[in-house]
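By written order: A, B, C and D. Residues from 1 in each chain.
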C-alpha cells in the first residue's frame, strides 16, 4: 500500500507530470436499438471531445447535471465502456492501446467508488469477501492473509474487524460506502474515481464519508476524480473543477476561480440554482432561472450547446460552436461571451478571494 | 404504427424458417430409413432405392430442405406415408375441430379468469380473494385430461347431461349440436388457462393498484369506479394479454389429449396416429401448421399492446 | 410516550440464504408442500418394501375391485393388480421423470440464458430467435415430434419435454441476468479486476438463484403433467410399468367397468403438481419480502 | 392563533404493519399551515415526514397502516373523522398533492390532457370540451410550451421537469387551498429544481395557495418556506419561523444538519457530521430519541427522560431538555457564519 506513495514523492519534488491525461475523449451510444435487420438508432453523443489532466495528489471535480456525460467520462477512464476515440495516458503510458484483458492489471492503479452503496456490493457476499476479492484475484492471497488484510482495510476506513462476516443488508448506507472505499483501496490504487460517491447518503452521513475520503487522500497520497451533480460537495472536495454540459467541458479551472468567478453562463446558472441554506441570503441573492430542460443529447442544438437555455445568447452563439479556450493559467472556458461586455466577469478579484475578511 | 405492425410480421419469418428447418431435420435423426418405411415392409433393396430416388432422398441435405421448403410455401406438404392422402387435406379437415375446441376453451378461460381475477385483485386479502386464489391454485394443478375423465364420468355417464364423445360441425348439427359436443372438452381444456388468467389478472390488478399513478388518481379525488375501471384495468391488461398469448400454445398441446378422450377428429388425434406410425410428412405438416397458428396468435397479442400501451405505439 | 417494542440486542449475522430459507419455511403451506414431496421421494425409494403386493402381479380372480376391499386398499384394476402397490411404484416415475426434464432444461436454459444475458449483442439475438422458434412449438407437440423420431418411451419423452421447456428457463435466466448485469456490483466486480467468467460465476449466478429456484419448481410441475399426459397417450412409459399417467389410461379404457380407477392416480398427480406450484409461489413471495425489507 | 390555521395536525401517530407487529413510524406529528403560507417539513430518510404528508391526504395504504390517535384538521374539520366518500370531493379541490417521482406518478396509458381534464370534470362537472380547455389553460400556466399540442401527448414523451409541471398543473387545476408537495424536486436536476420552485412561488403569489413542502434539503427550505418543522425519528423536534430557525437553531439535531452541509469557503476544513444513524422504528432508544447521536447529550438526563415539544423562545419550539432548561445557550449554525455573508455579497455582484 505504501509503495506507490514513495514513487509519487519523488515525482512530486520536480514539477509534477500529470498522472492522467485525457485527450479528446469521445463516446456515443445508439438509441432505439438496432435489430437483426440492421436498423440503427440515433447516435447520442454522451461524451463529446473531453480533455483534461489530473496531477498526482490533486482532486479534480467534475460537476454536471444528468445527461452531461460526467459519469460516462468516469467509466471511460476505467474502460468500463470503450471510448470511440481519444487518448488516455496514465503515468505516461497509453491506456487505450492495451487490449481489454491486458487492461485488467491497471485495476491495481485505477479504482472506482460508485453512487449507490446499496447496489455496489454483491448482496450474496460477506463484507470480508467483497473487500478482499481484489487481493484474491491479483495476489492470490490465502484465506488467513485475506482476513488479516481485510481487518486492516476495514479499520483504515473506520469500521471494525467484526464487520468482515456481515452481509451488506445488515449495514447502513454510510457503512456500505466505507466498505466500497475499503475495497477500492485494497490494491493501493493511485487514482480513485468517485462517481456520485455521497449522493445517495443523508446529509449527516455524507459529511462523514467526505471527511474520510479527504483523510485517506492525505494519508495515502491518493489522486481523486470526484464526479458529482452537487456543486457544493465538489467544491468542498476539489482543487480544480470541470463543469460539463451535454457531453462537453464548458469551464475548467481552479476550484476557487470556477466557484467564485464563474465565466460560463451555465456555471453561473448552476451556482445560482443551488439554494444556500440560509434564508436571509437565499432570498436576497439575484438568481438566474433557466428556461426549459437540457436538450435531447441525440439532437443537440446548432452552434453552442447551451444556446437554447442561455440568457445571454447573441446571434453568433446560434452559429458557431465555441471552443474551450485556455488562458494559460490552467483555466479555460467555452463561451463566445467570456471576454465580452455583457457578462460582469471582471469583478475585482481582491474582495472575492478574501471572503473571510467581511465579518458580520 | 403501420410500420410497427409490419415489423412484427417480418419478425415472424426467421422464426418460421428456424422451425421449418428443425422440423425438416427431424426426419434425419430417424434411426430407420424413410424410404424403407415408405416402400413397405416387404420391399426389396431395388424397390427401396427406387422409392428413395422418387422421393428425392438421395440429394444433398440442404437441397432437399430448399426444395421441401419451396413445396411447403406453395401448400405442398407431401402425402401421408400411410394413407397416401395429401397431408394438407388431412390437416384442413382436422383443423376446424381443434380450432373450435381451443377457441371455445380460450373464451371460457377469459370470461372466468378475468372475472375472478379482477374481483380478487381489487381486495387482496379478502375472503373472496382467498377463495379465488385457492381455486386458481387447484385449477392450475389439475391435469386437464383427469378433469375431462371426471367430467365424462359424472356429467355425461352419470347424469347424461352431455354427449360422451364425438364431434358435430356447425354445418351438420347447427350451433347447438356443435356447442353441446364441445362444451365438456372446452371446459376441461380451459380450466388450467382460466386459473392462469385468474392469477395473472389478480397479480396485475394488485400490482397496478400499488403504482404511483393510482395514488395520484386517488389524490386528485377520483371516485373509486374511475380509479378501478379507467386507471387500473387498462394497465393491468398488459400482462394478462401476454399470458393469453403464451397460453394458446399450451391449449393446443392440451387439446391433443382432450381430443383423444372425447373422440374428436382434430389435429391431436391425427398427431397421435401419425406419431405411433412414424408418418413423418404428417408430423412435419402438423408441427408447421400448429406453429404457424401459435405465431399468428402471438402476433395478434403483440398488436393489441398497441392499444394498451401508448409507449409501444409511439416508439 | 413509551416505546412498545423493547430494544433487541444486535442481531447475529444472518446470511441472505439463511434469511431466505427461514422466510420460505415460515409459511405452513410451503412446509406442507415440502413434507408431501419428501413423502413421495421416500415412497419412490422404498416402494418395493412398502408395497403390499407385487405391482405387476395379476389377481385375475379379483378384478375391478372398488377401493377399501381388504387387502386391496385402493382396489384393483382390469387385470386384478393392486392399485396401491402400482401407485407406490409409479411414484418413482413421478420423481425421476421431472428430474430428467428439468435437468435438460437447466443445462440448456441456464448456460444459454447466462450467455445471452451477459454477453448480449449478436449472441443474444441469435439465441433469442432460436428460443422463440422452439418456444412457438407447443411443448407437447414438440415432444410428439421427437417421439415420432426416437420412438415412445419414458426417457425419450422426458428429454423432449426438457428440450421444449428449455426456452422458458432461458428467458427467465436471460431476463434475470440482464437485470443483475445492470447492478452496480457487477460493474464494481469489473473494476476490482474480475474476469468475465469470474463475474458470471461468482457474482451473477448467485444473484439469480431466487428466480431460478422459482422456475425450477414450476418446471417440475410442468414436467410431471407432461409425463402424465404422454404416458396417458401411451407414448411415455410402456406397459406393464406403472406411472400415474399410465394408470389413468387404464382408467380411461375401463371407465365403464371401473370408474373409481380414475381417482387415486389423478389425485396423486394433482397433489404433487400443486406442491411444486405452491412451493414456487411461496419462494416467489419470500423473495418479494426479501426485497421489501429495510 | 392557531385556530386560523388552514391545516392543523395534532399529536398524529401512524403505525405500519410489519412481520413483528405494528410499528410506530410517526409519533406525535404536530404542525400548522397558515392560509397562503408555506410550511416546510424537514427530515432525513426515516424521519416520518412523507408518512405525515400522506396521512394528511388520506393516502396511507389502508391494510398495512393505522392511525391510533391524532387530529388532522382542514379549516377546522377533522379529516380523520371523514369516510373515504366524504373525503374524496375535498381531494383536488381543497387539498392537492404532488409527489417525488414525476416519472411514475402519471398514468402511462392516457394523455396528459386527459388526466387533467378528468380531474376538472369530476370536481366541477364541466363538459368534456370545457374541461379540456381548462386542462390546456393550466398546462400553459405551469409553463409548458405549446400546451394545446402537448396536452395530446402521453407522459413518456415528457422530461422529468416537464412531468413535474404536469403534476403541478393537475394539482392546481381546481384551485386547491393547500398543496402538499412531497420532495417535488428531489428527482430533478438543480437548474430544473430552481425553475420548479420559482413556478411554485409564482403560483403561490397569484392564487394565494398554501403549501406544505416535504423535503430533506435545507437549501430548498431556506429558499421557499416561511415556517419550518424539523422531524427526527417520527417526531417533530423543532418548529420555528424559517429565518429564526436558520439564525438560531434550538435543537442539536437541526444545528447538526446545518453544520453538515458543505459550505462555500471552508474547503480546507473537515465537515462536521452527526455520528450514527436514525434508529429503526422498533429500536427506539429510551429517553430523547436523538441522544445516542447528540454531542450535547447528558448522561442521566437525556437517556432517561423523554422531552416534549415546548416553546423555548416565543413561538420557537424545541424537543430538547437541555435547551429547555437553559443549559445550552448557543448552538452554532455553521462553522463560520461570515462565510455565508461573504457569499451573499459576492453573489450580489457576480450574478
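Convention: a residue touches a chain if its C-beta (ideal position, glycine included) is under 8 Å from a C-beta of that chain, and two chains touch if they have at least 3 such contacts.
Just so it is clear, the structure is predicted and the values come from calculations on it, not from any experiment.
A.B. asks: Identify the chains adjacent to both subunit A and subunit B in the sense defined at the top.
C.D. replies: A chain counts here if it touches both subunit A and subunit B, which gives C, D.
A.B. asks: May I ask which two chains are joined by the most contacting C-beta pairs?
C.D. replies: Counting C-beta pairs in contact per chain pair, the top pair is A-D.
A.B. asks: Could you give the separation in Å between the centres of subunit A and subunit C, each centre being the mean of its C-alpha atoms?
C.D. replies: 50
A.B. asks: Report, in whole Å, the distance between the mean C-alpha point of subunit B and the mean C-alpha point of subunit D.
C.D. replies: Chain centroid spacing, subunit B to subunit D, equals 54 Å.
A.B. asks: Would you mind pulling out the distance in Å between where the CA atoms of subunit B average out and where those of subunit C do?
C.D. replies: Roughly 22 Å, centre to centre.
A.B. asks: Taking each chain's centre as its mean C-alpha position, how far apart are subunit A and subunit D in Å?
C.D. replies: Computed value for the inter-centroid distance: 31 Å.
A.B. asks: Residues of subunit D touching 2+ other chains?
C.D. replies: Answer for subunit D, listing residues that touch two or more other chains: there are none.
A.B. asks: Which residues belonging to subunit B are in contact with no fewer than two other chains?
C.D. replies: If we look for residues of subunit B contacting two or more partner chains, we find 14.
A.B. asks: Identify all positions of subunit A at which a residue touches two or more other chains, and write them in rising order.
C.D. replies: In subunit A, 36 touch at least two other chains.
A.B. asks: Residues of subunit A touching subunit D in their complex?
C.D. replies: Answer in residue numbers: 65-66, 172, 174, 202-208, 210-211, 214, 229-233, 235-236, 255, 259-262, 268-294, 309, 344-345, 347, 351-352, 355-360.
A.B. asks: Please name which positions on subunit D make contact with subunit A in the complex.
C.D. replies: It is residues 44-45, 145, 159-162, 189-195, 197-198, 216-223, 242-243, 246-247, 256-258, 260-265, 267, 270-275, 277-278, 334, 336-351 of subunit D that touch subunit A.
A.B. asks: Quick check on the complex: what are the subunit B residues that touch subunit D?
C.D. replies: It is residues 124-125, 211-213, 215-224, 226, 230-231, 234-235, 308-311, 314 of subunit B that touch subunit D.
A.B. asks: If we count contacts the way the header does, which residues on subunit B are in touch with subunit C in the complex?
C.D. replies: Against subunit C, the touching part of subunit B is residues 14-15, 18-19, 22-23, 26-27, 29-31, 137-138, 140-143, 145-146, 149-150, 152-153, 157, 249-250, 252-254, 256-257, 260-261, 271-272, 274-276, 278-280, 283, 286-287, 290-291, 294-295, 298.
A.B. asks: Within the complex, which stretch of subunit C touches subunit A?
C.D. replies: 11, 13-17, 19, 125, 129, 183-185, 187-195, 198, 203, 206-207, 293
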